[in-house]
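Structures for review follow.
First chain A sits with chain B, and in the next complex the same chain sits with chain C.
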Partner chain A sequence: MIGEGEPKGWRQPELWAKALPSVALQTLFFLAPLLMTVLLTFQETRSFMLQWAWSLKTWSDIFSRPHYWTILWHTLWMSALCVALCVLISLPVAYALATRLQSMSGHVKVLITFAFLTDATLKTFGWVLFLDQKGAANFLLERIGFPPAMIGFLYTDWATLLGMVYNLLAFTIFTIYLSIANIDRSLILAAYDAGASKWRAFWEVTLPLSRPGIWTGSVLVFLLSVGVFLEPKVLGGGKSPMSAELIRQTFETRVNWPLGAALTIVLMVTAVFVILLFNRVYSLRRHGAAA
Partner chain B sequence: MSKTWYGDLPKYYQRQIAALGLDEAGMTRRRLMKSAAAAAGVAAFGGSIGHARAATQMQYMCWEGYNDARIIDPFNQANDTDISFDLIVDSPGGFAKLQAGASREVDLVSSDMPWVTRMGPAGLALELNPDDYADVYATFYDQFKPPFEPLLHDGKTIGVATRWGWVGACINTDVSKEEDWKSYDPVFDAKNKDKICVMDWGDWPILPMALHAGINPYEELDDAALEEVRKVLRAMFKNTRTLVADLTQAQKGLLDGSLLGCIGAGSYLTSAVRKQGHKNIIARVPDPRNGLKQGIIWVEATAIVKETDQPELAQKLLKHVVSKESGHILSLLDTTCNVVTNKGVEQLYSDEEKSILEVDYMWHAYDNSEMHRIAPNIDDMLAIWQEELAAAQ
Partner chain C sequence: MEKADTGGMGQDTILDIVDVRKRYGASQALKGVSLRVQRGEFVALVGPSGCGKTTLLKQIAGFEYPDGGRIAIEGQDMAGVPASERPTSMVFQKLALFPHMTIAQNIGFPLKLRARPADEIARKVREMVDLMYLKPEYLDRFPQQLSGGEQQRVALARSMISAPKLLLLDEPLSALDVKLKKILQAELKRLHRSLGVTFVHVTHDLEEAMMLADRICVMRAGEALQVGRPNDIYYRPADSFVAGFIGETNLLDVEVIEVRPDAVRYRAGDITDADGLLPRALAADAIAPGPAKLMVRPELLAMAKNGEPYPSAITAEITETFGKGGAIQFRAVTPGGQPVVVEVPGTSHWPARLGDTVRLGWHKRDIYLLQERA
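Right after this comes the complex of A and B.
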């Protein structure tokens, strides 16, 4: 038995036994499908049928055609904007829930949760009905004297962004809320005692201490953003496809599984790389601040 | 020594199967899967529902509509079958699923004709003997009787045509004149910027635009021809307001006038709206241009899966699906209304139903359209579509 305080090493069979179920599950349901996906990228298709012949054709196709990278760049850009907007909107909401609206926070959280749990397809099509040229928003504006079809940003990237932020906002609200709610109130009071203004106390104490929540929420929103396909298709009008839609088209419409698998790998690797990069920057800045 | 159906299982299970006598029972993987599915179904309902167990389980991969209870229930009752459905939302996806192994469970497939035809070279379809279907073909319009070339592979019949319609420009006559759509020119007219809807349905919007550019997409295309396709798609995207994959979104846009015309669809899109009384929504095939017909006839076909363990019942079901009674139901669904290949169904239509389906127009559309079939360069054209869409951002 491994005692408290004893150094743990991989030679101890008990540790292996404890880790085995988790390792087995990860291998079976994550690593094995991932490996299959990677292997698939080295195959070819002919007449819409998979040919089990080792080839680099798919990868040379990906690296020789710039449009895949244009769409990937567009996806990363839209995801970064979505993360920034979600954090900007969530910070005051979460701060208010944790500090100013404590008596109502239960009701507000329930409302946010209900909105979050409502089917994304329903919410997204709801926005179409609201934002359409002949939709509810333009109808109301016209009734109070504005010119017809004043809101005309449906089927643009702005509408896509609206849908993404709306559907993913709950992730940042709740993670930031948890961070702020767990801040020791005496630290903020100490800042006030030291003469800090409310803004200064927020900037110097609350914001740095809520960084874990901001970071966690940002990672969640970013990872989910790079995979969205409903919002660009329905609200964006499909004219600015993002990577997930490109992958869907490649798998379903073109029935080109090796290319679809390769595009999936490219998206996964890029998303992980971006997160690791920011994690590194975040760590360096934290260590810099500590020093 | 022949390989048994359970030969891949661990020895322990092999012994159990042998002990239970299942090795002698003509058990196949397909039957095992179906039995497991049936057992799961019984378990899910707790066995409390007093249905008598149907003798034969069947699986039907089809578009929505073919599974209508009014079509399937009489067949189940007459043949003591229990048909489950694998509904497809796009034909390539259905084909990919069959390739991925669903062919081991599915008995019958109703999908877009080119994808049914592709089942031939893919080894997924049971080749049909047209003589076995003489009674069916006797009721068909001449245009779909054998030898129906688009459904042939190496001279062998792969499937039977079921439902059809035409692809052209879908318009609202309250906001756009029918005469303006004698060609696809309004799609490229600068005054229609942000008023054109393009259906995001794979090859469907690409093919009419290729025809407009003077390229026959159903022939082998060289680089110059593909470059013309690229140019026409680039021009189309300039005026495109939205790419729509959802039928109702396009129908709504046409109805409220926010969309002037929809490209890549046709009677499949307009008919359900016409059924609701909006007779101002029509699908029109442009006049021939550059020696090429500008419309496209789409056909859905039904094929029997090669690995079916119920070839006779599958054949019976196929014949049932194309029968006059089933055809009448199939042609007037809530989601979409389309004419069928069975000529006898026309006698069952009321005047209102004929108006919904534009029966008076259908042969004009047919005569001015290319028959949809496998386009040899479709993957090149789809790649161009993706490239031009990315460039249009």
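Right after this comes the complex of A and C.
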């Protein structure tokens, strides 16, 4: 980011001096590890030892085994679902916070922040206790007359998704809330005045104007959900691992660093590609509206 | 002469506001306001900030509902009718153009909501653009790409496209510079005349209200103090607040002794007056015996030369002079210590100098007796 100044700025030595610490930090802590990860993918392992041999073995391995791609595809699907659910749940919550519950919104925001700051591991295991066959949820349902073990979706993808949405929801709530709270109230009144019902005013004015918040929240949640490993392991029971868990296993259990590094690169590139793709669609839509 | 006009009795009342009250928490924003507006009229609501004029406009538009009283548009009670279903249209102070829509989409928005066919919307948008003297190439631009005056025209076009019965204007010109303001004031007048739509215009700018409106409603602290034609408001204000709010004026201390059906007898401290008697029409409706003010506008005072007779006059010493180009203004003080302002047409030869003692006279028809509001 810092490297992309205005062209004329490059000629000023003063700017160079000012940018140097930041450039050095970025290089040291961001670019260098990335470069090392890329270099790692061209090495090999033999009996759990890293061999410094330049080869494309790892890459040919990855591109010839559909297993990795199935997991990647599964990860992307889960992340997309998670983003969609987060946005759908956050919209009414954020709208209510910004419009209906203004007097209480301070308290509600503090509560959300507290819930958000509580360690994700704790909360995820809490869900296990709650959703277990003999857990609190089933106990209560049985008590009021439902058949035993009503809720049996622990250790499925749905439980994983529940955990992901639960842990990441705060991001979309806050970004969308900020967008909605910043909309000039007279714009909504103008929509009513023009003849819009409440729902129509939301659809025509509030929703389009909260798009920046929806977009920012979606990108955040997407990037974070591509990297989850806790939820699929704890709530999904490790039955259908996602990319982050695969990478962890590759590094730790299989001690295959080149493969782990390559899988990391694949995941990163895919995630960035997906975001760029959607960004393109998003800006095309905006331009389409302008034409 | 019409006084304290509350609207004609005619059948063609488009807006009837009766005893409307509105409270926000502890403050009473509207304390029972009544106003009747005729079809095709241009009515201005004026008053200092916080007087309730914008609150009243919100009740008419339907953004808020009054706590008491009645608002009827074309004879139909508006109680419980939301803004989206009222035949009114508002031009907002901050214009409220939708930033994510083009100019064409902004102007056509009310018709889109009414599910009109696209070609009809496009045609009507064109008509509005022509009416507002907007350039057709602006249609594809976004509001923030236009200048303040152009945005103003877009806001007017959007409000007018659905042919509202009542156009409500909430100080839409207050953010513009003086020159642009003048142009758009003329534009509003032209629109009002050519469209025949009823305008209710909120402003704190008295001059603007005098220029544009057929009738003015002066408000203060949630009350309508006076409703009347601009000239009546200016020369026959209901009380000393209205008199002081609208332009510069002289309010001289007098005492009303007797109110008769045909005349009012008063005694004037500093004023020499032949008989101390005024026709009843030259005193406020609510005048009662007791301390009162004699109002005379600075431009209606004449500087009397020695020996020239005026039926009533006052002596004062000039303390300040201002040349205003077209006019000369003198500030003077009477022996009793009352300030007086006189304005005479500008001449190269000044009729008086600083320190001169002059006699200021007036014709009886040019003064008005009024009191403070109880």
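Methods note: the second predicted complex is superposed on the first by the 282 of 291 C-alpha atoms of A that agree within 3 Å, B and C clash if a C-alpha of one lies under 4 Å from a C-alpha of the other, contacts with A are read in each partner's own complex, and residues count from 1 in each chain.
In this section, a residue touches a chain if its C-beta (ideal position, glycine included) is under 8 Å from a C-beta of that chain, and two chains touch if they have at least 3 such contacts.
Computed from a prediction, not measured in an experiment: that's the story for all the values here.
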Looking at the superposed three-chain arrangement on chain A, would you call chain B and chain C a clash or a fit? fit
Considering only the touch criterion stated at the top, classify A:V255 as touching first (chain B), second (chain C), both, or neither. first
Does chain B (first) or chain C (second) touch A:R100, or do both, or does neither? neither
Just checking: does A:L187 make contact with chain B only, chain C only, both, or neither of them? Give me first, second, both or neither. second
Would you check which partner chain A:K233 touches, where first means chain B only, second means chain C only, and both and neither mean what they say? first
Does chain C touch more residues of chain A than chain B does, or is it the other way round? B
Does chain B (first) or chain C (second) touch A:K18, or do both, or does neither? neither
Does the superposition put A:V205 against chain B (first), chain C (second), both, or neither? second
Please compute the chain B to chain A to chain C angle from C-alpha centroids in the superposed arrangement, rounded to the nearest 10 degrees. 150
Minimal inter-chain CA distance - chain C and chain B, angstrom: 44
Output the chain A positions appearing in both contact lists, the one against chain B and the one against chain C. none
State the interface residues of chain B toward chain A in the complex, per the touch definition above. 90, 92-93, 95-96, 99, 118, 121-122, 200, 202-203, 237, 240-246, 249, 252, 256-258, 379, 382-383, 386-387, 389-393
So, in the complex, the side of chain A touching chain B is made of residues 47-50, 65, 67-68, 70-71, 74, 125, 128, 132-134, 155, 233-234, 237-241, 246, 249-257
Chain C partner, complex, touching residues on chain A are 184, 186-187, 189-197, 200, 204-205, 208-209, 211, 289-291
Provide the residue numbers of chain C that touch chain A in the complex, in ascending order. 61-63, 82-85, 88-90, 92-94, 96, 98-102, 109-110, 113-114, 140, 142, 158-159, 162
